[in-house]
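Some structures to go through are shown next.
Two complexes come next, and they have one chain in common, chain A, joined by chain B in the first and chain C in the second.
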Partner chain A sequence: MPELLAPIAGNVWKILIAVGDKVELDDEVIILEALKMETPIYCDDSGTITEIRVKEGDAVNEGDVLAVIG
Partner chain B sequence: MIAIFKELIVSSGLVSLTGGNLIMWLVSFVLIYLAIKKQYEPLLLLPIAFGILVVNLPLTFLMEPEHGLIWFFYHYGIENDIIPPLIFLGLGAMIDFGPLIANPKTLLLGAGAQVGLYVTFFAAILFGFDLREAASIAIIGGADGPTTIYLTSKLAPQLLGATAVSAYAYMALVPIIQPPMMKLLTTDHERKIVMSKLRPVSRLQKICFPIISAMTIMLLVPASAPLISMLMMGNLFKESGVVERLTKASSNELMNIVTIFLGLSVGATMTATTFLNPKVLFIFFLGLFAFIISTASGLLMAKFMNLFLKDKINPLIGAAGVSAVPMAARCVHKVGSEANRRNYLLMHAMGPNVAGVIGTVVAAAILLKNLG
Partner chain C sequence: MSRKQTPLRPYFEKMPGIGKELREGEVRRSQENLALVREQEELLAREVERVKNAGIPAEKIHQRGGMTIYDRLEYLVDDGTWCPLHTLYNPTDNEEGCTGVVNGIGKIEGRWAVIIGFDNKVMAGAWIAGQAENILMVTDMAKRLNVPLVWLTNCSGVKLMEQETVYAGRRSNGAPFYRHADLNHLGIPILNGIYGTNPAGGGYQGISPTVLIAHDGANIAVGGAGIVGGMNPRGHFDAETARALIDGTRAFKGKAPGRVETHFDQTAYFREVHDTEQGVLDGIKDYMRMMPAYDPVMFRVAEPAEPKLPAGDLDMLLPANQKRPYDAIQILARLVDNSEFMEYRPDYGREVFAGIAKIDGFPVAFIGNNQGIFPDYPAYAEGEYPGVGGKHYREGLIKQGEFVTLCGRDNLPIIWLQDTTGIDVGDLAEEAELLALGQSLVYSIEQTELSMMCVVLRKGTAAAHYIMCGPQANNNNAFTLGTPLTEIYVMHGETAAAASYARRLVKEEDAGNDLTPVLDKMNQMIQDYQDKSRPAYCAKSGFVDEIVPLTELRNYIKAFTGANYQNPRSITPVHQMLLPRIIKG
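Our next item is the complex of A and B:
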């Protein structure tokens, strides 16, 4: 199952999706905050969100799994 | 009754007001507006602006040597070089050198972006500034506030207000000044380059970095010692992970306290007689020139490195070689993501960005050693 990875380290600022949502390639799904700057994260695949592994406020490292797309 | 009233007027500052004072009030009001409304570096700009205002109220003698309140702040804090190194202690406690350790070749970008400084040094001499003044103006191109203040207070204290304000102003204006240069000097294809993931850096490496850097830099350029020693000790505090209280004290409480005295003292150097001088306009102009050339030389250095690198770097990160941490890195990230929205350059740009701080200090130390 394709996983959505954090491209940079930072804090999860906003989660724009919920489990069960249908997403398309290039949809903006999560916004990370790093060095006081908001960085939108885009979907790499189309599908349905089956799992979200982070919550708003979490600190993530580069390469961490943010969500799983089914 | 009338006599008392007359006496009050004469002893008040009103009769001693000059046109210059009024202009400086305006300057102060503009800076207060920019700090509050536009939030341009408000932590510094606000105390600077207020310092300008109060020092231009006649007969207050706040900057009177041996008497004035702010003179004491200025004398003990800045003239005696106490405050800028303390700011560096706080910076060290905040900076993450990880991206630089992960990708040490970005050190070259931090060095490359100092070219603007030397170009401006010679340009300022052509404009009729003496060597010490030229060095103080050139350092603006390093886009590092405390280093600019440190160097100017030693070489050309009469220019301190102007160089400090332009350094902080241009740092705040990074998102406006840098992108046009970035777009001019890079192709769309280059801006789209996605850089490979940074290698992880171990805790041991992060702890060794400030120790080894402090030793290397200070052995090579001893004049950099006041700033580098504080910077690296702050960083050692942070990376050691065992003195969280000292890390916090350095980066929060102490930093905030000295920032107040720094801003106020710098502002208070700007009396009408020292500031309203055609030279000051040239300083703003040359400072901007320095900043632009530094941005350009960082970008070109990155492109030059790409000629030899198999794993290409995105040349935009060269622009972060001017210090201005982290504004320049953010700006690189933004321009990179405009070209390719899956381009996340922030951490890659932090490497040259923190290297730029070291580069500027070393450049300042070299200027100081030769001209001081």
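Our next item is the complex of A and C:
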């Protein structure tokens, strides 16, 4: 199942989806904050959000799984 | 059989393609950004409309059988070539809402010219505050680009009620007469179409250009009829002197001096006189055909071509949210011919891109800020912090300096696409010599004889706004553009508020005081920074020469490039250029 990974280390600023949401390719789903910049996370596949592994305010490292698309 | 080709064809005919089409999802999620850009554009359009309607209504001029400055420009300038500049410029917040001159760059009879005229709706083209600086910016541009300056003079002279704002000082309304002399000295012709009554300052505005073409109702003179008639006040006015003034004014039948009977029939200052306003403009067109201009084929390295990717995408690609990164090469791909770019040292100094593109078939250099986060960069901060797009680091500064120097050698005009938050700071940055390398870039720019154009795509901040050929590069920067998303300030308002009040907060807390008053001041400061960095404010204050919709940037880039190659002072034979060879390796 496709996983959405953190491209950089930072904090989870906003989660724009919930488990069960249908998403499409290029939808913006999570926004990370690092170095005073927002880094939006986009879907690289279509499907349904089956799992969200972070919550707003969490610190994440590069490569961490943020969410899973089923 | 004859055979012809463009020079260095293997390098320039087909260069590496850049950019990619937007996917459906990218378009979908960019609609909010599009709406924010439109909102700014509409706000700016209302401001432009306000300036165009300054002074008396155009209908009044039309009822008198006259043309407004806008009618004159419409008649004079080749269709589709007009690029207005300084439209919202009004640094002293005049009651007129503008500086009383309308200017820009455009083609007349197929040749580029810097064009300026008095707005005859605004106090009959009077000298008003801020106008001299506007005129000086325009004369500087003609000098930088080495193209003719075309004046449409219609100038009633000093707004006497506010003479202290225009008459005296180093950069006052008298300075343009010296600038005209300077341009003539440098071999840059000034063509002047003269309308209406032009006394005193208006007279020198009339006489100082190279070629004078008059409407038959026009006059130019050292002084106006009132001054010639003479006044003898006692140092004040009372009922008796007022009576004399009223009677004298009623009885005054004199005509304004310096009419066509004098300056065409007797002195022969005017080369032509026309009985229609259009005739004057036709006369300017005739002279424009005589102006020095190479055929573009002389300098083109390929056939002109539009970008392969649509300009309309720009409003979706450049984020209105200043904290969002984007792909700067996607922007460039929508500005340059065929969406092609020959990049200089792409693996070195990753925070900036530099290279050669084509505009209208001419070779042009571009330098700009890449955006995003660069892990394991810069080398001097390894393990401490990653590089952030928009900032400048050691390698990027060195790359820009050497690229500019090579452009100077190859005579490549440079277009800077600025979106910068500054130069890296801190002990590591100082040890990495960033202070000196920033100034070294300034030195490199100044050492060239190149024309440069700057576009502040979003942020112009800190010293980085200066070193990337901002308008402070007086000898090289031909003009600077902003976009509907431009913000220019020394630093972000939040940073400035923290820097200004941090110690005060500590003191107040130590004293056991309520922090609210200080916090209010900090928040007011943030708001003030916001209000005084927006696009309309930047244009009004002269931080940029014009705010231009992203979709119209290429028109200005084409104007800059075309003007630059029209009559260059220095030529590098294309087949002797170094940069393309260095890039190829």
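Operating definition for what follows: the second predicted complex is superposed on the first by the 70 of 70 C-alpha atoms of A that agree within 3 Å, B and C clash if a C-alpha of one lies under 4 Å from a C-alpha of the other, contacts with A are read in each partner's own complex, and residues count from 1 in each chain.
Here, a contact is a pair of C-beta atoms (placed from the backbone, for glycine too) under 8 Å apart; a residue touches a chain by one contact, two chains touch by 3 or more.
All of these numbers come straight from a predicted model, not from anything done at the bench.
In the superposition on chain A, A:G63 makes contact with chain B only, not with chain C. Once the two complexes are laid over each other on the shared chain, residue contacts for A:A34 go to chain B and to chain C alike. Within the superposed three-chain model, A:I8 lies in touch with chain B and with chain C [touch as defined at top].
Touch criterion met: A:E24 reaches chain C, while chain B stays clear of it. Note: residues 8, 26, 34-37, 39-40, 42, 62 of chain A belong to the chain B contact set and to the chain C contact set alike, using the contact criterion stated above.
Within the complex, the chain B residues that touch chain A are 197-198, 326, 329-330, 333-334, 337, 341-342, 344, 346-347, 350. For chain A in complex with chain C, the residues that touch the partner chain are 8, 24-28, 34-40, 42-43, 62.
Per the touch definition, chain A reaches chain B in the complex via residues 7-9, 26, 34-37, 39-40, 42, 62-63. Residues of chain C that touch chain A in their complex: 23-26, 28-29, 321, 323-325, 373, 375, 385-386, 388.
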